[in-house]
């Protein structure tokens, strides 16, 4: 019955995600929504101008919430990145804007009768994912944030660069808030057949420096162009495809963890039914402490957002 | 010996083309160049942050002209789109800026020893393609502009919309300048098994209205977001792939036509040796006249650019 | 709600089509059916062994007709190619076998409550398509045969080879039976901006020789390996994707033409609702005569098959 | 300068690999070689019949060793699978046939001046890889066997099935001979955030049963259709792409390990320069013993093959 994806918010991230979907034929039907009607119509037309030179066809619907009723996945990419730029790289700077927008959007999604999976990119993503779940009243495991799927990719990129290998050959996770309180759970990182903590000595790896570089990398992207789009849009589309394919892949995404009482990033098995299983890592005490701090931070911010 | 593509100019178009290449694994090596060092480095890092979540690997080199020596294709996407916005949608508004930039870039490409095919998107594309050829002294058939490959796609989109069919099922060309003097050569357009001119009566098609809509579409994209990127980047990458694959595909691109003494868009067979054969259409007298006007306009502008 | 494709018959063609789908992530759910249980299970397992090294995930179900209830498309690829080999390349040699098998399969599809589009490859395809429609009682436009989509590709390959261009740059159709009574409708073939009939003189093209070569090509493939699979499987999957995407593409496929009272290949617009519009070509009298002969042949054979 | 791949041996595996390459546009030039001229020409023509309905173009050359001179990668897929069928599933049953064929092929590759990377699938693959290296005199790290890249995939499939997750979410390796003396190095297998050995108790996993199932799976494929092709062709093309992209990915492939004095499967970092780094796993004593036995077996067989 065909794949149907909605993208809400056609800024740098949403339009890049939509383009990635169109260029690869990942969806049959694509619903694009933005309050800036001229922008979303411009993007839709631009995609249609691309289509005669593309191998796949995608049906595009613009600004029609009712078309989301039978969508499989909605990617929420709305935001106001300028707020972050003025605020020292704190993703929470966007919250006063996004919490209002997202409540409105979530209510409309609910009114449309949407019954699929929400993939949230909108920042601060852990709080926003909570808001989506709260307003739509969808099951908690049907609302997922891209979370540290991007940050884990950045960590892999930094580690891989240091060792001159493919980042895909690095296994491991960044956990917690998709924001400043997150951290690399080095106990989970394996590369070249070893725990990276073992390898670090032999190879002269400075994990703290890598951690820093990985975070600075994100800032470098952000300050270099005043937004980031390719990394996060790729993460979001991978997550959406994982849902569509029912791939049951382990991904570090923002999902509701009962023991922390909040959405935060922690690896989970993702499929057509959203988060279908939660992993239980063997973290070190230090990592557990960091995760608790990160969880508390998200919870406080969520409470403040109400 | 692997596919190597250079992209010069990492604005909206160049970065979209680079992303399309990275996301689909079209190149093994990708050289990204921009005078805004922070922007090109940000994009490169952003692509690398995407890679762990992508199926393909692409080696990215930043701002190194010498790396272009053995590139197969260089896509020139530099420009200053703001100039167009202030100038009533005339692509020539960019020329005072781009002619200077392109002469500089072309000299550097030449100095690097580049011996492949140049695919120019930079506007005004027909004049810019001439400048690239003149400065690099590459054979005329090794320098190609995307030209009306995009405008033909727009025409197909408009026709297809009217008839409720796939734009890929519309055959035909827009010819001449990739700019205001271009036109749809309706005598070349076939759809649903008929010349569109025959079909127009039966189906109540108003070709002039379609023509207008097709052009307005482009403007709508431009005014809706102050730039266009997906359609033109797709056209450029298709052209680059056609060269890499040596596909010998017929495409309406800006190529040097001896009889008009200028680069202008006219269908040609494109392969690894660039334009390997030029088509000779049976145009109507009216179309021939329009093409002559368009050619003269490009030639005048090129002369003025020196 | 995800893409679901069924493939019935896991011989050379069906398994190649299934592999093409799995390797490209064209479907989320794939139902494979064959009376040779060991073969279909072997293929399913082999696909699963490929999956960890592929970028996409596909859920595979084996030999469960009830899983076809909500399939979007069923590709019928069953057959007994050895019968053709013993019979002088006449696709009707398979009919005594396939008509029995197909009636059985069609009844099971109907019983499963399938309500999508059938794409038939099974030979003799025009008669088999009729049988599928007759038994399933699906609307005539929901049952389609790949027909001369393959033969048109062969014609394009032959023409392109002669002119040293991309076969994708040849426009035109083979019509009628996917079998010996088919023909290239040269009046529909355009290449290098011209009707091929005009071009033939200048370029020294011998259309009859090309026609022959095109047909011999098919036989060469068949005799070289005792089956053909890549060309026809590609055609079938393109057709299935066209349906899934609702692309509304013009394709020469076997569809029921009222004026001939039979399924035969003739270009049609294909989308999610199957054949949504039938083209009306301006054929020459000679071509019309050939088409009538081909239609009569199919009708006679269909009548005999009952 | 474009991607060029050679495939030698157009049986079930070689032709499937070639099809996967053609259907995805992984190569620009593809050289197909087989002693059965009718078969290789039939496949080439069949691919060309597919191309008008595919998005990519691939130039195909048939049975011309000289065209391999500038190939990036040669995939050796020749074999005589019937010999295995008559011999109780022992891949060494093919050796009397393949060792002769491969010496001949390797000499021709050398004579052609080939200077790229050889990816061997031909069985018994560890011995055959040695023979290729010996005869071509290419550096040892430029000759690689697909080895247990397939067997590791099978192990992942079996583990994943048991846990109802994506096989891509299982990390770990099968080591040693791509044959009966291979084994899963369970100490390397991680899933759901744990060493599988820890998880096995909680989840009631019977690793020995999984190991057996994994091997039986291979046999089930083989006996179900008298050959295996999709899994192994996918592994080979992934390996070839890893070389072309210079991806530097960690893959369990057959590579020459000095300490064992033979080619055998052990994870290595693969890029454009072949095996660019060898991993050093922390195996258990039991695993080390198994690996030694496997290595000794391969060495004996190689010695016998001379």
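Should a chain be cited, it is by its letter among A, B, C and D, assigned in written order, with residues numbered from 1 in that chain.
Assume a residue touches a chain if its C-beta (ideal position, glycine included) is under 8 Å from a C-beta of that chain, and two chains touch if they have at least 3 such contacts.
The UniProt protein names, listed by chain, are A, B, C, D = L-lactate dehydrogenase.
Just so you know, these numbers come straight off a predicted model, no measurement behind them.
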Intersection of contact partners for subunit A (L-lactate dehydrogenase) and subunit C (L-lactate dehydrogenase) | B, D
So which chain is farthest from subunit B (L-lactate dehydrogenase), going by the mean of the CA atoms in each chain?
-> D
Subunit A (L-lactate dehydrogenase) and subunit B (L-lactate dehydrogenase), separation of their C-alpha mean positions in angstrom | 33
Mind checking the centre-to-centre distance between subunit B (L-lactate dehydrogenase) and subunit C (L-lactate dehydrogenase)? Centres are C-alpha means, answer in whole Å.
-> 36
Euclidean distance of C-alpha centroids - subunit B (L-lactate dehydrogenase) vs subunit D (L-lactate dehydrogenase), Å = 41
Touching two or more other chains - residues of subunit A (L-lactate dehydrogenase) | 57, 166, 168, 247-249
Flag every residue of subunit B (L-lactate dehydrogenase) that touches subunit C (L-lactate dehydrogenase) in the complex, lowest number first.
-> 55, 160, 164-166, 168-169, 171, 188, 190, 192-194, 247-250, 267, 269, 277, 279-282
Going by the contact rule at the top, pick out the subunit D (L-lactate dehydrogenase) residues touching subunit B (L-lactate dehydrogenase) in the complex.
-> 1-4, 25, 28-29, 56-59, 70, 72, 241-242, 244-249, 272
In the complex with subunit A (L-lactate dehydrogenase), residue positions of subunit B (L-lactate dehydrogenase) that touch it | 16, 19-20, 22-24, 38-39, 41-43, 45-54, 57, 149-150, 152-154, 156-157, 166-168, 170, 217-218, 220-225, 228-231, 233-235, 238
